[in-house]
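Below, each structure is written out as structure tokens.
Note that chain A is present in both complexes that follow, paired respectively with chain B and with chain C.
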Partner chain A sequence: MLEARLEQADLLKKVVDAIKDLVQDCNFDCNDSGIALQAMDNSHVALVSMMLKAESFSPYRCDRNVALGVNLTSLTKVLRAAQNEDILTLKAEDVPDVLNLVFESSKSDRLSEYDLKLMDIDQEHLGIPDTEYAATITMPSPEFRRICVDLMALSESVSIEASKDGVKFTCAGDIGQGAVTLRSHTDVDKPANNVDIELSEPVSLTFSLKYLVNFCKAAGLSDTVKLCLSNEVPLLVEYGLATSSYLRFYLAPKIGDEE
Partner chain B sequence: MAKTRGRLSKRSEEAKIENTPASSKQKSQLSTEVTNPPQLFILPENLSTEARILQLENPRHSTDSSYIVCPERGIFELTKVATTRTTPRSWLLSSESKNSSKLEKVSSPSDSTKNDEKADKFSDDGYVLRNANLMVATPIDPLFFLLPALDSKAASKDSDKQTKLFLSAEDYLERLSAASSDINPLLRVESLRASLEGRMASVCDTVEAGDEMMYRLSENKMLTELLKKARKMAKQGLTPSMEEKFVKKALEVPTLTIAAEDIVEEEDTNPASSGASTPHTDSQSINASTDSATSSFSEASTAATSFSESTATIKPAKGAISAPEGVADLLRLRTALSFICSKYLSPQLSETIKSLASSATTGTDFAPLDKHLEQLAEQRQEALAARSLGDISRKRGFEDDDDIDGRAEKKRKKDEEDKRKKAGESRGVQQLKKVNVSGMKKMSDFFKKT
Partner chain C sequence: MCGRYSLALRPAQVRAYLARNMQVDEAPDDDAENAPRQSYNFAPGYHGIVYRAIVPDNGAGPRQHGGGEQGTDKPEAPASNDTQETRYELKSMTWGLIPFWTKRNPNYGSLMKTINCRDDSLIENRGMWTTMKQRKRCIVVAQGFYEWLKKGKEKVPHYTKRKDGQLMCFAGLWDCVQYEGSDEKHYTYAIITTDSNKQLTFLHDRMPVILDNSSEDIKTWLDPKRFTWSKELQNLLKPYDGELECYPVSKDVGKVGNNSPTFIIPVASSENKSNIANFFGKPAAKAKESDPTNTETLQDSSIKAEETHKIKVEDDPKEDLKTVNQNGSEDNAPLPVPEGELIKGIKRELNDIPSSDGSPKKVAKTSQASLPPPSAARKTRSAISNNTATPSKTDGKGKGSQKITNFFGK
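For the complex of A and B:
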């Protein structure tokens, strides 16, 4: 029996919205520590990893480890029926056929209940080791989204160069080229606007902008985003959530074949 | 409570309207519908004043159903003859003196009973009964109520035969009253109690302990008793629908040629169907959608379904039948027996009876029937095989057309599948498919599988 109550449906809505444009079907793996998700896109060049810790829910109960195979488009359809402020409860049996979602509106005493049919999804699970990244950049998530969207107008890929001077996003396309540079910056009034660069060695990597723009759909979940880069390893884009829950995206760098 | 009134001239039974206090006096116009409308009953004659409609445990479904229990005349089961939803009907009840020709079921005011003034109300103005449901009371052997109590397997869930003990009639009746508490006061009536004990003795091994008789259910005696009933039912002739479905169909000989369908041989062993045209009381549920008073409609249909399943036979090719002497009668007997089992016995008991009947330890030997049915099944299989062979040879000429059709069909199916797949994909996922991923390694190159 799984029972997880979220104070605000908002969180799940945004998480699913962010993932649904990357993967089609995926398993929500529920155990006593929380609800986790790991899935790759169709081309297997990007990976999303989500962890909603048990502390994010009140209460959280999971008697047995259970994998809820869900089509994210379908889940989105159901979640659309929830208001952002609704209290959301996820329920499932130990061997479930359906995922039961209950939305309660505290204001209007409205209670809606949906059953989503589950599916069996055969997914390979990858072990992601803790990595010491050469560069870790923390910046406001809207800023990162803006850079990606702006640069995508010019090109399909962006090269990210992190040096002690700052981080430079550059791209070159048919109509010309563009570059955005951010320097370390501390905003005392609004810590969310800080740009923080930790660097052990300079890094320069190229990534597909379409994927990055896709990751940026999670910008609503968190004020800040953390980019972690090392040569020859996938870029990590992390959106931190409350109670050390997180939504992480990994993207393989483009190697050679410069356009 | 059940009181009788108003004798019918046409029938030996009496029709009666149980009036409820809610019904108001009828005007010439139709008055508003009453919440608890009266019901129309056909009740047996000369019920004693002690007779009551009681909720007893249905021996088949072990749920409560309505029965009329009369200390003198025994137990009557109430069967509801209902109209189907698709052809709704209503009753118009009025006095015999005015409209006797128009109506079949009439409550006549001429026989004065204490309920006369109520009858007058209906006869003067007529009464429209919205639901044309008719409750028919037919005698039922009290034995059927005793069997669940007697069957210790059902009572104690002990499958071991050794544990069956001899018990006094008192003990069994206690079990019975535990299942249907309504019967308690009537068990004290000597006549009813005596008849119950008599029926008990007919299916039990008995021993005398002191001045008391002890009983234990004997399965062979039970089978003999039920066979006796089945034989009687078969002798009177099964209802036409049963005869058609379970006897004629089952004995049909499959034919190989289409021309043979037209030749209808007379079935010499078939008794005159006139005997079967009057519905046997026990088998009414086959003809009409019937039910006992309170058990739900679905239950009755389940009973009917399970019955048809239990004796279901392979649908044979068309053709007439001729079976060896006696086989048809045996089949009729078996059909009657399985009908009784499926209508009045608990599922466990009917299983026991079925296995006992097939082992043929009793006087009736079903072996010739089984043998004949086996032969028929074989013939049918052959006919079917021959038929399908013929079908294939006929199809060969159209192969090319089929191929084209098949391909078009395949394509359409594939398109549909694609469409369905796309419906499960978000726009984002579809757009990512177009992304140039050259030079990007797979995730599994970086992270190891677990």
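For the complex of A and C:
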């Protein structure tokens, strides 16, 4: 039996919105530590990893590990029926056919209940090692979104270069080239506006902007975003959530013109 | 529907490959005008390779009354009579059948309508296909074909090939047309489609008719002595019952003009360099080694072809560029021979959508070592790419269209 009560439906709505264009079907793996999700996009270029810790819910109960195979488009349809402030409860049997979602209005006595049919999804599960990244950049998430969207107008790919001078996003396309440079910056009044660059060695990697722009749909989940880079490993784009839950995106670097 | 396939072999390679168990008496020269194009992304309008019995341009069988669409009976295409043994050839033809009665060059749109021919439209003796099905049957040679699966908003290309790695023989129809006021003969073909077999229904409800290499079926299908439509011929047009392999591949194949050996590499494989799974640990490495004989078959033939063909001096075959620019750029890339099984998709109630769980594993890097060393100044032709033969709008290298700046100092 799984029962997870979320104070605000908002969180799940935004998470699902952020990944539904990347992944069509995926398993929500529920165990006593929380609800996790890992999935790759169709082209196997990007990987989504989500973790909603048990502490994000109150109460949270999960007697047996259970994988909820969900079509995210269908889940979106159901979640659209929830208001952002609604209290959301997820319920499932130990061997479930359906996922039960209950939305309670915090203001009135309205209660809506939906059953979403589940599916068996045979999914490859990857072990993601803890990596010591050469560069870790924290910045306001709207800033990252703006950079990606702006550069997307010029090119399909962006090169991210982190050095002691700062982090530089450059792109070159048919109509010309563009670059955005950020330096470490501390805003005493609004810490969310900080740009923080931790660097152990300079890195330079190229990524597909289409995917980065896609990741930025998660910007509403968190004020800040963390980019982690090391040469020749996938970029990690992390949106931190409350109670050390997270939504992470990994993106394989572009290889210079195929050998 | 079968609207895109893969054939990245030169005629000499196809010939060497087919000739082991099928009779090939003639084949087009690799560098001739209108030479077949080699592409991992073979689209309608390209010159493909067709295998057929050698018959006159108006088809097999006796001449039709009043149907003398071709003025002359060419001696190179002798009428087949019972005493003569049937000879077979590989021929370069354009994909998209243009019927012999056509007066003017049709536009691309109407060409697209005749890249396929439904098997059920052949049952009755009427409609545009009547002459072709009776007298102009052929085999279209391919390595595999592509089909797109709708997944939500996205369309995911899937590549289907024979499990044994052999060439695929599609049942096809051809025709020869001579436009009004022109001496040039245009050979064109269409691929016959039928219902999908069990394995491919998840992908699409139609598939090309695949005949087994060197089978009696092919002999029957091509037999020039059969010049009327029969039940026997119709019965050959059925869903394929042999083993196929089908897996998702790179989306780049969607754009006509893109060409890369990576298009036939499964997305969920370690050969796919951009596969993010390669960066992370796998729970259980299910790396299945491909049957070595498989790798040999294709490789072997490519070596043979290389030998019979020797080294060609680079000479761009002038091909007529239809609607696209091709930008194949891989030299010496291995001929990948993927091995694996059908992707699984077990669902309860929703549409079945296969989840690629990494089962298609493949062995590439086959022919790397066996290719002749690249000689200086790019004199050799690549075995798997004809990138040199690509006139493109921007690269002013095409004959007669040099850049003016080449003549003036900067």
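Simple rule for what comes next: the second predicted complex is superposed on the first by the 257 of 259 C-alpha atoms of A that agree within 3 Å, B and C clash if a C-alpha of one lies under 4 Å from a C-alpha of the other, contacts with A are read in each partner's own complex, and residues count from 1 in each chain.
In this text, a contact is a pair of C-beta atoms (placed from the backbone, for glycine too) under 8 Å apart; a residue touches a chain by one contact, two chains touch by 3 or more.
All values derive from a computational prediction rather than experimental measurement.
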> Clash or fit: how do chain B and chain C relate after the overlay on chain A?
Replying inline: clash
>> If we overlay the two complexes on their shared chain A, which of chain B and chain C does A:Lys117 touch? Say first, second, both or neither.
In response: second
> Which partner does A:Tyr250 contact after superposing on A: first (chain B), second (chain C), both, neither?
Replying inline: both
> When the two structures are overlaid on chain A, which partner does A:Asn214 contact: first (chain B), second (chain C), both, or neither?
Replying inline: first
>> Which partner chains sit in contact with A:Asp109 here, chain B, chain C, both or neither? Use first/second/both/neither.
In response: neither
>> One more residue to check, A:Asp97. First (chain B), second (chain C), both or neither?
In response: second
>> Let me test your reading of the model: by the given contact rule, A:Asp174 touches which partner, first (chain B), second (chain C), both or neither?
In response: neither
> Is A:His125 in contact with chain B, with chain C, with both, or with neither (first, second, both, neither)?
Replying inline: both
>> Is A:Glu156 touching anything from chain B or chain C once the two structures are fitted on A? First, second, both or neither.
In response: first
> Between 76-84, 238-246, 274-282 or 328-336, which run of chain C pushes into chain B after the superposition?
Replying inline: 274-282
>> With the touch criterion stated at the top, can you tell me which chain A residues are shared between the chain B interface and the chain C interface?
In response: 21, 24-25, 40, 42-47, 71, 73-74, 124-129, 233-234, 250, 252, 254-255, 257
>> Taking the touch rule as given, give the residues of chain A at its contact with chain C in the complex, in rising order.
In response: 21, 24-25, 40, 42-47, 71, 73-74, 97, 117-129, 233-234, 250-252, 254-255, 257-258
>> Please output the residues of chain A touching chain B within their complex, sorted ascending.
In response: 20-25, 40-47, 71-74, 76, 124-129, 156, 208, 210-211, 214, 217, 233-234, 250, 252-257
> Of all residues in chain C, which touch chain A in the complex?
Replying inline: 151-154, 156, 248, 250-251, 260, 262, 267-268, 272-283, 329-330, 344-350, 353, 355-358
>> Under the stated contact criterion, what part of chain B meets chain A in this complex?
In response: 423-429, 431-433, 435-450
